[in-house]
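Read from first to last, the chains carry the letters A, B and C; within each, the first residue is number 1.
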Amino acid sequence: MALLEISDLSKRFGGVRALKDVSMNVEQGEVHALIGPNGAGKTTLFNCISGLYRPEQGAVRFKGRDITRKASHKIPQLGIARTFQNLELFRNATVLDNIMLGRYMHKRTTFFSEALFLPKARRQEVESRRKVEEAIDFLDLQPYRNRMVAGLPFGIQKCVELARALTLDPELMLLDEPSSGLNPEETQDLCFRIEDIQEELGITVLLVEHDMRVVSEVCDRVTAFDFGEVIARGTPEEVQQHPEVIKAYLGEEEEDAAASA
Amino acid sequence: MFWQLFSSGMALGCVYALIALGFVLIFKATDVINFAQGEFMMLGAFVAFSLIHYAHLPFWLTVILTLVIMAAFGVLLDRTVMRFLVGEPTFSMVMFTMGLAVFFRSIAGMIWSTDTYTFPSPLQGGVIHLGTVAIAQGDIVVVFSTALLVLLLFLFFRFTDVGIAMQATSQNQFAAYLMGINVERIFSLVWALSAMVAAVAGILLAPILFLHKDMGFIGLKAFPAAVLGGFGSIPGAIVGGLIIGISENLAGGFLPLWVKDVFAYLVLIAVLIVRPEGIFGIQERKKV
Amino acid sequence: MKFKLKKSYMEDLELFEYKSDMVWYGAILLFLVLFPVWAGNYWTYNLTLAGVYCIAALGLNILTGYTGQISLGHAAFFAIGAYTVGYMTSILGLSYWLALPLAGVNSALIGLIVGLPALRLTGIYLAIATMSFAFIIEHVIIEWPSVTGGANGLIINRPSIGGWSLNTDASYYYLVLIMVVLFVLLTKNIIRTPPGRALVAVRDSEVAAQTMGIPLAKVKTQAFALSAFYTGIAGALFAPLINFIGPDNFTIMESINFIVMIIVGGAASIHGSIFGAIFITLLSEFIRVGKDALPTFMQQQVGFQGAVYGLIIMVFILFEPMGLYGRYLKLKYLFEVFPLYRKDTFRREKKFQKTERTR
C-alpha cells in the first residue's frame, strides 16, 4: 500500500478542466517530483490533497484512509504538511512565531490553563520552543529567529516556511516549487536539505519542480503532467527522455534533459 | 395602501440607491471605501438650501450650481486628502472616511447650526391619482430623476472613453498607468461624479424628510444597500437600495412601527447569511 | 540596544524581559494605586471611565487587531453587558457580584452566535454586518422596556461588598483598576501561548493557518466570543460607574469610538489598547484645556469637539498607523540606535492591485 494514493482525480473550474482522471502513487520514504509546464495542474493537485479544493470525482487516500472530503485543517493533523509556491507566511510575525505555529495542533492544554499560564501550559511552551529550535538548527535560521518575516530575503523566507512545515512532524511533505526564486547556491542547499529530510527525518516528500537539476539530483521517481493529465511516470532519467514530456516542454528542456542525463 | 407604501418606499429606495451608487463608484475606481458619502449628500442638500434661501436663486439654477460646487468639492477633497489613502488596507480607509464624516458633520454644525430646516422644493406637493391609488408627486419625481441619472451613467461608462478608463482604473491602477490613462485625473473625476450624485440624492431627499446636519446618518442605510447588492456592483447598489427602501416601508406599514427602523438591517443579515458576497457580488478567493 | 543573555527558553516567555522594566511597571502601578489620594474625585472618575474603556479596547483588539475581523458593532456587546447588570440588579434585585460574571458570559454567548454567520464574511461585508447588528441591538434596547427600561433608561446603583458600598469615586476606581490589571494579564497570557498565535495566523493568512491545522471556524467564533466577553464585562463595570444607562450610551458612534481607541493607541497591542482608551477618554479634557489657547471665535463653535475628533482619526490613520504605542516604539528605537537610525525604517508597504489586498 502506497503512502499516498490518488485515483481518477478530476477537478474543473467552470469550463476549465484542471485535472483529468489523475492517478498516481507516492511510496513511503521516497522523494517524488511532479513536473510539467505551467498550468498543467500540479498546484491544483496539491490543493486537492490539502483539502483547499474539492475534486468533482476521484479519491485521495493517505495511509489507506480516504481523505478526499476532509476539511482542510484536518489534513495536517493526519500527517501531511505543505509549502506554497508564493509563500504563505504570517508576515507580521517573527520567524519564531511563524515556526511555533507548527506546534499548534500538537497542543494538549486547554484554553483555561493557557489563559492562566499554569505550569502545564508553561511546560508545553518550553517544549514547543525546543522542537522549534530543532527545526531552526536544521535549516540554519538562528540569526533570523526574532526578525519580522516581512523584511527577510526571499530565500530565507522559503526556509522559514519549510521549517514551519517540519515542525508539524509530518509523514508526508508537499513542497510547491521549493527552488523558485533561489540562486544556484541556495538551490544546492535546498537539495541537501531535501536529502536530509528524507534520510535523517524519514519524511516522504512530494514536490512540484521546474528545475530539472534538482529533480535529477534528489528525486527517486517523477510523474509528468500536461493539461491536467499524467503523461509519463518513472525515474528522472526515464521521464526526461520520454517523447511526450519533451513534446510538452517543446525544445528548451530538451537541451536541459540531454545535459543532465 | 400597499401601493402608497410601495411608491414612497421606492422613492426612499431611490435615494438610498443614489447614495450607494456614489459609494460604489468611488470604490470601483479607487478602491476607497467612502463612509462619508452620507455627509456628501448632506452638504449637497445644505448648499442647495443656502443658495435658495440666502441667495434667493431660482430652483433650476440652484441645482446646476450645487452640482458644480459639489463636483469641485469632490475634486478638492481628492487632490488634498484622498490621494494619500491609495494603497492602504480596507480598515484604514473605512476609519479614515469615518473620521472625515465626523469632521464634516461638525463643520456643518458650525456653519448651519443644529437646527432642522425645511427644504423648499417646487417639485413637491400634489398628488397624482392612478386609478384608486394616490401617489405623491414628489415620489414620482424622485424615481424618475434616479432612473434618468442611472441611464446617463450607464451610457457614460459604456460608451465614453472616460467611462471605460474609469473601469480600467478600478481593475488595476498600475496597468491603467501603463496604458497611458491619467489615473490621477480619473480619480478626481470619480470623486467629482460621486459628489454630484450624492448632491442629487440630497436635493431629492431633503424635501421628503428634513434638512439637518445629522442627515448623513440616513446614508448609513445606504451601506447595507451597497453590501446587499454585492459590494462593487453598480446594478447591485441600485437593486440593494430599492430592496431596502421598499421592504422597509412595507414593513413599517404592516408590522409594528419599530420594526421599520431595523428591517433594513435584518434583511441585510439574512441575505449575507445565504450569500456572503451579496446579490451581484463576486466571491473573491485568494489563489494559492 | 540593551542585550540580555538568556539561559533558558522560559526566560524568553517571561512577562518582563528586563529587570528595569519590572521597576518601571511597578512604579506605574504604584502611581495608579495612589492616584485617587492626590488627584481628587473628578480625575479619579475620569480615569475610572478610561479604565472601563481599556477593557473594551482590549476586547476589540483581540477581535480586530489580533484576529483581523473588523467589528463596527462592539457597542452592542458593551450594551449587553451593561443591561445584563442593569436587569439583574435593578429589576431582579440580584447581587452585582453575580451579575458581573454573568454579563460577561451573556455577552460571550451572543458573541458566539454573531460569530457564526460572520464566518463567511470578510472586510467591508463584515464591517457592515457588525454595524447592522449593533443597530438592531440598539433598537431592541428601546423596544424592550420590561428588561431595559426602554428609552427611559435604567438607574443602576453602585455595588457593595459586605455592607460597604462602593459609592465613592475612589472605591469604584480600585475595583476597575483591579479588573484592568486582571484583563491585561489575561490578554498577555493569551498572546504568548498557542491561542494567541492562532489568532494572528488567522489574520495574516487563512490558507496557511488551515495548513497548520488551525480550525478557522472555531478560532474565529472563539475570538468573537472572547472579545464579546471582555466588552461585556467592560459594559458591566460601566453601568454602575455612570449610575444611569440609556440607549443613547450605545449608539454607532460608541462603536466607532472603540475602534478609534485602538487606532489611536495601536492595534494588536496591549499597550496600544491602554494608551488609546486613556487618550480618547481624556480627549474632551485635552480639548477643553487646549481650547483656551485658541482665538475666541473658534472656542465658541458648537461642533468643535467633533471636528477635532474627526481630525484626530484622519491624522492618525495617515501619519501614525501604528498608533501612539507605535510612535513610542519608534522613538525608543530611534534613541537606542542613535546615530545609526535610517530614515525610512518604518515605511509602510502600499498595495496597488486589488489582487494584492487580502483584507
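Operating definition for what follows: a residue touches a chain if its C-beta (ideal position, glycine included) is under 8 Å from a C-beta of that chain, and two chains touch if they have at least 3 such contacts.
A quick note: this is a predicted structure, and the numbers were derived from the prediction, not measured.
At the far end from chain B, in terms of centres built from Cα atoms, lies A. Among the chains, the centre nearest to the mean of all shown protein C-alpha atoms is found for C. Counting C-beta pairs in contact, the pair that comes out ahead of the other among A-B and A-C is A-C.
Centroids of chain B and chain C (each the mean of its C-alpha atoms) stand 32 Å apart. Note: centroid distance chain A to chain B, computed from Cα atoms, is 49 Å. Centre-to-centre separation of chain A and chain C, using mean CA positions: 40 Å. Across the assembly, chain B contributes 288 as residues in contact with two or more other chains.
Listed for chain A are residues 52, 84, 88, each touching two or more other chains. Contact with two or more other chains is made by residues 207 of chain C. Contact residues on chain C toward chain A in their complex (touch as defined above): 8-10, 12-13, 186, 189-190, 192-195, 197-198, 200-201, 203-205, 207-216, 222, 268, 349. Interface residues of chain A, counted against chain C in their complex, comprise 50-52, 71-77, 81-82, 84, 88-93, 97, 100-105, 107, 109, 111, 114-117, 121-122, 125-126, 128-130, 133, 150, 164, 168. Against chain B, in their complex, chain C makes its touches with residues 64, 70, 72, 117, 120-121, 123-125, 127-129, 131-133, 135-136, 139, 142-143, 206-207, 252, 256, 259-260, 263, 301-307, 309-314, 317-318, 321, 350-354, 357-359. The touching residues of chain B, when paired with chain A in their complex, are 288. The part of chain B that touches chain C in the complex is made up of residues 31, 33, 81, 84-92, 94-96, 98-110, 113-114, 171-174, 213, 220, 223-224, 227, 231, 258, 261-262, 264-266, 268-269, 272-273, 276-278, 286, 288.
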